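After this come two complexes, each holding chain A, first together with chain B and then together with chain C.
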Partner chain A sequence: MLVTQFIIRRLVFSIFLLFGVSVIVFALVNAVGNPIEILLAERPGISQQAIDQMTAYYGLDQPATTRYLMWAGNLLQGDFGTSIIYNQPVWQMMTSWGLETLKIQVPGILIALALATAMAVTAAMRQYSRVDFGVMASAMLGQSLPGFFVGILLILIFSYWLGIFPSYGAYSMRSPLWGSHLLDALWHMVLPVAMLTFFNTAALTLLMRSNLVDILRHDFVTAARASGLPERRIIYGHALRNALIPVLTYLSLLFGLMLGTAPVTETVFTWPGVGYLYINAIQQLDYPVILGVTMAIAVMLVVVTLLTDIAYVLIDPRIRLD
Partner chain B sequence: MASIDHISAAGTARTDKPRGMWAQGWARFRRNRTGMLGLGLVSFVVLVAILSPLIAPYAANDQSAMMNFGSRSGPSLAHPFGTDRMGYDVLTRIVYGAPTALAVGLGTMLVASVLGLLIGGISGYVGGWADEVMMRLTEFFLVLPVFVVILAVVRLFGVIVVGTPLEDIPYLNLTTIVLLLGLFGWPPIARIARAEFMRLKSMEFVEAARCIGATRSDILLRHILPNAMPSLVVVIALGIGSAILSEAMVSFLGFGDPEAISWGQLLYFNYAQLKVSPWASIAPSTAIFITVLGFNLLADGLSDAFNPRVK
Partner chain C sequence: MLSTPVSNKPAPQSEPLLDVRGLSVSFGRGTSAVPVVMGVDLRVGRQETLCLVGESGSGKSVTSLALMALAPGGAEITGGQVLFEGQDLTAMGPAALGKVRGRRMAMVFQNPAHSLNPILTVGKQLGEIYAWHTRANRRETRERVADLLRQVGITDAHGRLDQFPHELSGGMKQRVCIARALLCDPALILADEPTTNLDVTIQAQILDLLDEIKETFRTSILLVTHDMGVVARMADRISVMYAGRICESGEARAVFRDPQHPYTRALLDSTPRIDMRYEPGARDLPAIGGRPPNPAQRPDGCQFHPRCAEAGEDCRALLPRMTASGPGHAVSCLRRGSRVEENAA
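What follows is the complex of A and B.
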């Protein structure tokens, strides 16, 4: 099978996947009940006329399939609807809050990748030594530490006790630190990024170290050693490349996990990201935002999975395409 | 003389019944230090959970500390982990959180295992298009942003049951969380079950069972399933830990069960006062950490014990 054919097949599957996700999300939210009734359960005393008006406006008197088609059709045109609570286009809200989320998630993954590579190489080069054991044990421990616990400890130590970093928010409320908006924003990012980096590094190190150890047993490594290449060149030039391939898949999983748990990360640091937006939307029963954010996260996950699948094939020609 | 003893001892050993799969696994597991540490931590949590009414220094809902110590008082002899925002003794709440955590972990994995075994088992044993359909389904559930969906459903469901008979079910919110976690947590189990059923169905002993006329359910339940168990136990142990962590995160965000005493809930009530009373946030986080670490290490040890080749 040709690479383009493979890509087209994955693309079609991704579209089916997104269709399925949209059906499930829509069905789940609808199975819970009439949105207006739910809204009214916490806000009694609204006239029947207003209820009828809202029902007609949101098309709630139509059957579920019609409503799904309406909603999905709007989604396809990039219309995520309007927030019931803030009366703002959901798309606009998601992009501005989503940017704040990516601002801490992307550095969190990139720094972790660099750190994990260094640690895994150090450990794998001295397999079963004390260094190796130390790296493995701390990675294992780090992986079991819940993210929010790391966040709490970071805030306690660096914010409350040492007073170095701010404990909440992405920007200073009044004048920015040192009079610079850029420095202010970077300074606020340090603790959340540190927490994400910590978690990602632990998981990535474990995976990369076991991959490297596996690969260092291969014949081509022995051949490279026999040809008199320095160990450093063997590791960085030959072994690491191969060890990175499974890491690619894992990175997409990790990205999904991080996006999924963004509500927790952003609650710990009171970070104005999409997770924080989501929690508020759920608490206030802001339907369009709930549906919009869930779909946006699903789209991001599917796109990342698709990209990794494609990258996988392009990087490693040994992979069979059927 | 000594050498003869040695030979006869070895001779009798040979006529003994060969040790089974589980006994061999246990023998290997016992030598695994991290695995034993995990087992120790898990046993500790289980013991605390079983004995919770006996070892908790105060009654579960005792807020009398409000009178003498005040809420948010630091660790002292009377309250080793301090008191929290509501005047509860933190140690007491931690102890009573253990049964909740274990119930969540076991309940979730019960639901997930039944689903995962059914789906993965059929997929692996039958093969063909059934396999294709089920594996696509599994892949689909793996892409779903599960945590985010669970948050929304728990909250919406909590609103809609108000005024219906469902409202009277005890721990309704917690049950919803457990069911949802299970409903979304089966794909890893299905994947392992599929691989194991696929591997085992073409083994000679299954062929032999078929030859002596064993029924299909006999083959599946008495021959294949027990041999697939070791691999499944590893995923289940990992799953218990991650279910406990998920419930803690759901509760931490304020969507937990107000009736239940859970570590995440404790964190939710006290996190806003982290600066004033850090002990009330650190203690539940540590409890979650120890439990999750215990199950992770246990799973690691189990996988080393049952699949000694993979290292």
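What follows is the complex of A and C.
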């Protein structure tokens, strides 16, 4: 099957998927209640007239189906609506806050991939040795510690005790570090990226080590050794490439669910990213933001899965696109 | 038959290409180490085919890997020498070994489907080896690989270069593996059950190919097999392996005409013959009763005695050692007058 044909078919299928997601999310948000009532619950002084006015302004007096159609219609034209709390266009908010999320998530995944590769190769080449057990034990420990716990631990050690890294935010409020905005941004990124790296490395290492151990037992690895190729080439050129195939799925999930897992990190470090925005929106029932971010998560997952499937075909010739 | 003294004539052949002396391999270390290959001696002359025969688990595959100073996971070469072209491979470092493996001594594996890297094209994985050993450029490498594919009987060799292993048939894959072994004109090819996973008709073609290669490339072949039919067709010399030890070795003709060890006789008797009729009840194909010993709990004395019809009291206690039984023929069996291994328990 042609790659373009495959992509078109998947995209058509994705439309139905995204439609389903939008209906479910809209219904759920709708079931929670009227955001105006929640917003004004602790302000008894506001007149009924003002409440009616606001309800009409946001179109909340319309039946749910009408509101869904309006929202979906606007969405198709690229209009995500306006945040109730911030009174800003949702799209604009998502892009600026989303950039902050990518700033910590992408390095968190890529550094983890590099570390995990190095550790998995070291461990797999000396299977059942002390090094191997050491790597496995620390990876399992890392995986069983909850992410937020590691984050709080990092803050305790590096911010509270040692005072070398900031515990919250993406930028300094007053003067940037050493007068450089770039250094200041990097300085703030250290702890959140460390937390994400720690968490991602653990799972990736375990996965890669077990794949590598399995691949190293294959005849083609023995055959490569019997052909006189040096061990480094065999590990990196033959074994690792085969071992990475199953890791690709996990990696794509990390990328695809990046926005979905962001809230934990961004809450711990008060990081101005999409995750932080999402959690706040849910707490205050800022429904245009909730809907927008949820749809963005769904779209991202669809796109990343599509790219992963294409990547599989490029890496593993045995896989066909059907 | 009684043992005859070793012939007085000096051996006609010069120094053998491969001379294995007392090779031992164990799984595990220390007190829990389980020996799987014990004191194996093998000799392969130039342009000669030696068949290493034995049943599953006799240690023949481990032996063939150890000849390349390779060991499957958890195994270790614990003793002996592998003298190849005058050098001891067991004493070499990785760099020196890299110049022997694939260049002077190459290997063909049992399962062609598993011994090719699934994600590299034929041209890439064979080319990598040739380029590594010879420092040839891309074009020369491609030409060399295509040339060898042609020589092992693959049609449209240039087109095959860009195909992946899964696009080839089983017989074709094994031809590719043989081409891989021949890339650098090796002096010795180790073939570990190269036809076991193939159809009977393809088996015959691959065996013909190996015979042809022996002539055109002037290589020696060490063929590991359990199939006496293959042995009869290919072997110049035979070494029979049982439970990690060689129990009989000699010129193929001598071993077939006058097998000495009871195990060799039983192996030959249990091979179906086309000139005999096997009707139910009338004449069954003889089988060897019992099982080979568990390597972790070996019996004392001759390893074969629990399954041997001729075994006597001495066989249960004493370990026989390889002793000449005729010109170019040796056996380790007390009933054939073999001497006793002195340092064995």
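Observations, loosely collected:
Note that in this section the second predicted complex is superposed on the first by the 276 of 322 C-alpha atoms of A that agree within 3 Å, B and C clash if a C-alpha of one lies under 4 Å from a C-alpha of the other, contacts with A are read in each partner's own complex, and residues count from 1 in each chain.
By definition in this document, a residue touches a chain if its C-beta (ideal position, glycine included) is under 8 Å from a C-beta of that chain, and two chains touch if they have at least 3 such contacts.
Just so it is clear, the structure is predicted and the values come from calculations on it, not from any experiment.
Look at chain A after the overlay: chain B and chain C fit there side by side.
Once the two complexes are laid over each other on the shared chain, residue contacts for A:V264 go to chain B alone; chain C is not touched.
Contacts of A:D316 after superposition: chain C is touched, whereas chain B is not reached. In the superposition on chain A, contact of A:N242 is made with chain C only, not with chain B.
With both complexes placed on chain A, chain A has more residues touched by B than by the other of chain B and chain C.
Applying the stated contact rule after C-alpha superposition, one finds that A:A223 touches chain C and leaves chain B untouched. Of note, the Cα-centre angle with chain A at its vertex and chain B and chain C at its ends comes out at 80 degrees, rounded to the nearest 10. By the document's definition of touching, neither partner reaches A:I85: not chain B, not chain C.
In the superposition on chain A, A:Q127 makes contact with chain C only, while chain B stays out of contact range. Once you line the two complexes up on chain A, you'll see the smallest CA to CA distance from chain B to chain C is 14 Å.
The contact surfaces that chain B and chain C form on chain A in the two complexes do not overlap at any residue. Residues of chain C that touch chain A in their complex: 65, 68, 70, 72-73, 94, 97-103, 106-107, 109-111, 114-121, 128-129, 132-133, 164, 166, 177, 180.
Those residues of chain A that touch chain C in the complex are listed here as 127, 216-220, 222-231, 233, 237-238, 241-242, 245, 315-318.
Within the complex formed with chain B, the residues of chain A that make contact are 13, 17, 20-21, 24-25, 28-29, 32-33, 37-38, 41-42, 140-141, 143-146, 148-149, 152-153, 155-156, 160, 167, 256, 259-261, 263-264, 267-268, 278-279, 282-283, 285, 290, 293-294, 297-298, 301-302, 305.
Touching chain A in their complex are the following residues of chain B: 34, 136, 139-140, 143-149, 151-153, 155-157, 159-160, 162-163, 241, 245, 248-249, 252-255, 267, 271, 274-275, 278, 281-282, 285-286, 288-289, 292-293, 296-297, 300.
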